[in-house]
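Labels run A, B, C and D following the written order; every chain starts at residue 1.
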Amino acid sequence: MDVGLVGIGNMGSGIAKSLLRAGHRVTAYNRTRARVDALASDGIQVAATPADACRGEAVLTILADDAAVESVVFDDNGILGALPQGGLHVSLSTISVALSDRLAAAHASSAQQFVSAPVFGRPDAADAGRLAVVAAGPPVSVDRCKPLFEAMGPKLMVVGEKPSLANVVKLSGNFLIASVLESLSEAIAFVRKSGVDPTALMDFLTSTLFNSPVYKTYGSLIVEGKHEPAGFAVPLGLKDVRLVLQAAEARSVPMPIASVIRDRFLTAIARGNQHSDWSVLGRIAAEDAGLPTTKKATA
Amino acid sequence: MDVGLVGIGNMGSGIAKSLLRAGHRVTAYNRTRARVDALASDGIQVAATPADACRGEAVLTILADDAAVESVVFDDNGILGALPQGGLHVSLSTISVALSDRLAAAHASSAQQFVSAPVFGRPDAADAGRLAVVAAGPPVSVDRCKPLFEAMGPKLMVVGEKPSLANVVKLSGNFLIASVLESLSEAIAFVRKSGVDPTALMDFLTSTLFNSPVYKTYGSLIVEGKHEPAGFAVPLGLKDVRLVLQAAEARSVPMPIASVIRDRFLTAIARGNQHSDWSVLGRIAAEDAGLPTTKKATA
Amino acid sequence: MDVGLVGIGNMGSGIAKSLLRAGHRVTAYNRTRARVDALASDGIQVAATPADACRGEAVLTILADDAAVESVVFDDNGILGALPQGGLHVSLSTISVALSDRLAAAHASSAQQFVSAPVFGRPDAADAGRLAVVAAGPPVSVDRCKPLFEAMGPKLMVVGEKPSLANVVKLSGNFLIASVLESLSEAIAFVRKSGVDPTALMDFLTSTLFNSPVYKTYGSLIVEGKHEPAGFAVPLGLKDVRLVLQAAEARSVPMPIASVIRDRFLTAIARGNQHSDWSVLGRIAAEDAGLPTTKKATA
Amino acid sequence: MDVGLVGIGNMGSGIAKSLLRAGHRVTAYNRTRARVDALASDGIQVAATPADACRGEAVLTILADDAAVESVVFDDNGILGALPQGGLHVSLSTISVALSDRLAAAHASSAQQFVSAPVFGRPDAADAGRLAVVAAGPPVSVDRCKPLFEAMGPKLMVVGEKPSLANVVKLSGNFLIASVLESLSEAIAFVRKSGVDPTALMDFLTSTLFNSPVYKTYGSLIVEGKHEPAGFAVPLGLKDVRLVLQAAEARSVPMPIASVIRDRFLTAIARGNQHSDWSVLGRIAAEDAGLPTTKKATA
């Protein structure tokens, strides 16, 4: 397929490569053009504006937050104005449920199609075409996307016709990961202060009850106190928990664990860990227990 | 080996069978004798008192809580008085760190050996010899237990020389499971109220990031609202969280998620779910979000 | 002084009367004009648009939330466009710190003056000229407002030159009141379930350590379970806690008690108490403790 | 009256003086005898054992915790053994509801009388005879105590016939004070980081909505960061919150704010503030917000 791609950050770059490798043609826009140029040898085409990325069969957006997506869609030379009737916008970003609803309404009133399809996976999974995709939108629109999703990863969940349902799922997943970070952080602080070797503990747990990637990856980061450089930085984790809490508040759903996690991320930032990985919750739990930590945070 | 076994509840019964199947000889005491008699055809011998179970190479205790263990050890005709010098007591129960320390001291001052070896697994795993054992104690004592542990399950973690370290690990593990229950309960209430099919959500999550037994088992119980009959009843879950909080308090370790879970278990009991499975946290989260639930709790 | 007043709700109506009683001339705008007409006999003049209320020495706004204030300021025929250079806008509403900053910037760039002066007190205090006013803004602007503040109540706190500082104080005060609601709710549930007469408890506490209006007023509402009709409805309480949490998040300040209260307000709404007074936290605490409550909430 | 008094700590010493000043005769026991001798000039008599303090019309105990009370009551030469039939034990200490129930049962089975009468007030109030007393017990026994209570302070609340009800009230009161500490700590961290002068804030609040002693006293300690020397040390505050949580758990009452406070006290201790006043929650909130604090805590 001929597709436009808006956003060539760590995730977007990997997605571009996966799409190209699967034989799609990609015209990409990025605010900092150098990042697109870096993919020239992979065969990517450069778009000068988001609008210029709207001339193919679909335009995909993969950006950091609501503000970035709003800008490329609603601003002058944005997607909403450039996409023809029947044109398809696929939003891959982790954005708010409210913005997803607003995009759906805006595209509908311009007779355009909209699919929300946030992805699970880190940049290396994007590169390798191993992302998991959660998609929602009108079935005919979702079907149009399938060749693209197949290029991005083997795992696809179609969650319903209303695009924002996919954002609900994505935010729930990130909430569950953050819950693992905080509960592991508390457990590891407890066992360390009790004299148990936390490495042995994690080896045991991840070979029995908790033998899943999330526990393995983050358990070892927390045990080692290795939170820099960030794979997924604290402000991004805080953003996702905030989006969960906002969406849940709109439906009157209390989420006390999400509230606890939000407070801990704020403390992490207040104590100077804003550039650390969100697994830095382990450092916060250690500090609150009076344990020595790997790095003295500076405010 | 010739062993005594004190406590033939759901777990003890399965452990007895696994020991017998592996060729050990088991003399068992249970307050309600009928439960021992039920295992007569498996070859079990009956002990009239805990003391009578102390004549073999080791005596194992597997009981519901601290009070039960204290009673069979410290009361008249108890293990402490009956065990000879050099005799070995192996505590398999989920008890407090403080009681484990007290048992270690009491046996040491009677020149007896003590190993703490709580187990992970439900009654069916006990029956099938598929428990995971976490053991701590003097290496020579732990070594003596190994044929017994092998009969109980394939997975053994030896955590140190101080017996109560094994209790720290066991309590941490149960805390992590309870954290999963609460975070899944919140996430599922959120997606249900947002219009996402929670079964599809759990299928997706447990085939990607969270493909571990805990998420699979409890995710489906919470989605279905199937909390009766109890596999592990709320008061036992509350007890374990209380023991974690007490042990962590003794070491000045705050555990905010454990505090949240404790409050939710109390609400579960206050609203009439004391006989339900600890996964009933899913019902509490649903009620707090104003969702319909499977069963009207009665106070 | 000749002043405009935008917003004749329960609070605005009382403020209008206090201003008139003190000899000021008031021209008022309200979306529903009937509420202004009801004050005709008090001598109020009717403005057809917010712009029409901008012809005096100052225009005051007292509205329910950010959206309402944004609308009367920024929309066509709004205050920003109508106010002359040097004109003064005094915002009495409980709005977000962020909106207060935005208003300050907008008025400054139009060479207008802006004072933020949220008020503490219920509608009866507004009526009686007994509000407490927290004001912030350039000293010369705050001075211009003093005759108005004196008419509104005897107590004035000037908190700084940056208008949004007054909003920080107002939100902090409301957070502290909400904290009292929740802590009293928990304490009263605890003593009721323990067999202590909660009326006697509150009589004792409010005549010793806690002899302040907040404890007296709300203690008795919670003890009696009298949460309808609402003096200050749950959604307004939730809004204020949300504004505190947002402003605190912007400064990386965790506020765990505010998080707890937010969750409880959400449960209150989810269980059908959206029209109740924010003291309904007492009913939620009672329900969570399995106690009978005054009214069966309906979802 | 002729009374025995067991416990001459900061509180007991003041109570002794108040009793003597009111004309009562006091025979006192203290583990460290020098503290009794220091009151010789006030007219106090020395008892060599708790039993020796049981020869008057009543024996009063005022000690730090459950363990201390258990020891002087149940040990050899303790009160239970020494008090004659019909003898009266008045417990003034802040002890657990469970111990209060146990004392009631033990004295009843020895045909002795028991009144629980914990007191509100700091040592200076004890000295000055300005304590507030909360008493519970059989009416005839409480009546016998009235001359003593009158000497201790002007304020008496009789809460019921079951002695432990007085402990429920005392613990609830201390929970409410601790809630004020934590909510003020959060609010003050928020306003400080927002640029508001916290002294001005507290002046305003305590002259309007929160004009009660608790807010005045602790607001100023938190604003000044003056937590040493301790008026009431962190471990005592933690003990009281623990007793509240235990008693509430026994009645299945969740108390989420109490849980938050417990976690914060643990962090305070873990970070080296175990000798500070319980108002040190202000320092913890400031640290968690990344604010500079008055004293670098040492682990």
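In this section, a contact is a pair of C-beta atoms (placed from the backbone, for glycine too) under 8 Å apart; a residue touches a chain by one contact, two chains touch by 3 or more.
These figures come from a predicted structure and were not determined experimentally.
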**Complete:** Computed over C-alpha atoms, the centroid farthest from that of subunit C is that of chain B
**Averaged-CA centre spacing for the pair subunit D and subunit C, given as whole angstrom** = 37
**Complete:** Rounded to the nearest Å, the gap separating the Cα centres of subunit A and subunit D is 52
**Prompt:** Which residue numbers or ranges of subunit D touch two or more of the other chains?
**Reply:** 248, 252-256, 260, 264, 266-267, 269-270, 288-290
**Asked** Among line, ring, star, complete and other, which best matches the way these chains touch?
**Response** complete
**Asked** Along subunit B, where are the residues that touch subunit D in the complex?
**Response** 238, 242, 248-249, 252-256, 259-260, 262-264, 266-267, 269-270
**Asked** Across the complex, what residues on subunit D touch subunit A?
**Response** 256, 266-267, 269-272, 287-290, 299
**subunit A residues touching subunit B - in the complex, by the definition given at the top** = 97, 120, 132, 134, 155, 157, 159-160, 162, 165, 168-169, 172-173, 175-177, 179-180, 182-184, 186-187, 189-191, 193-197, 200-201, 203-205, 207-215, 244, 247-248, 251-258, 260, 264, 288-290
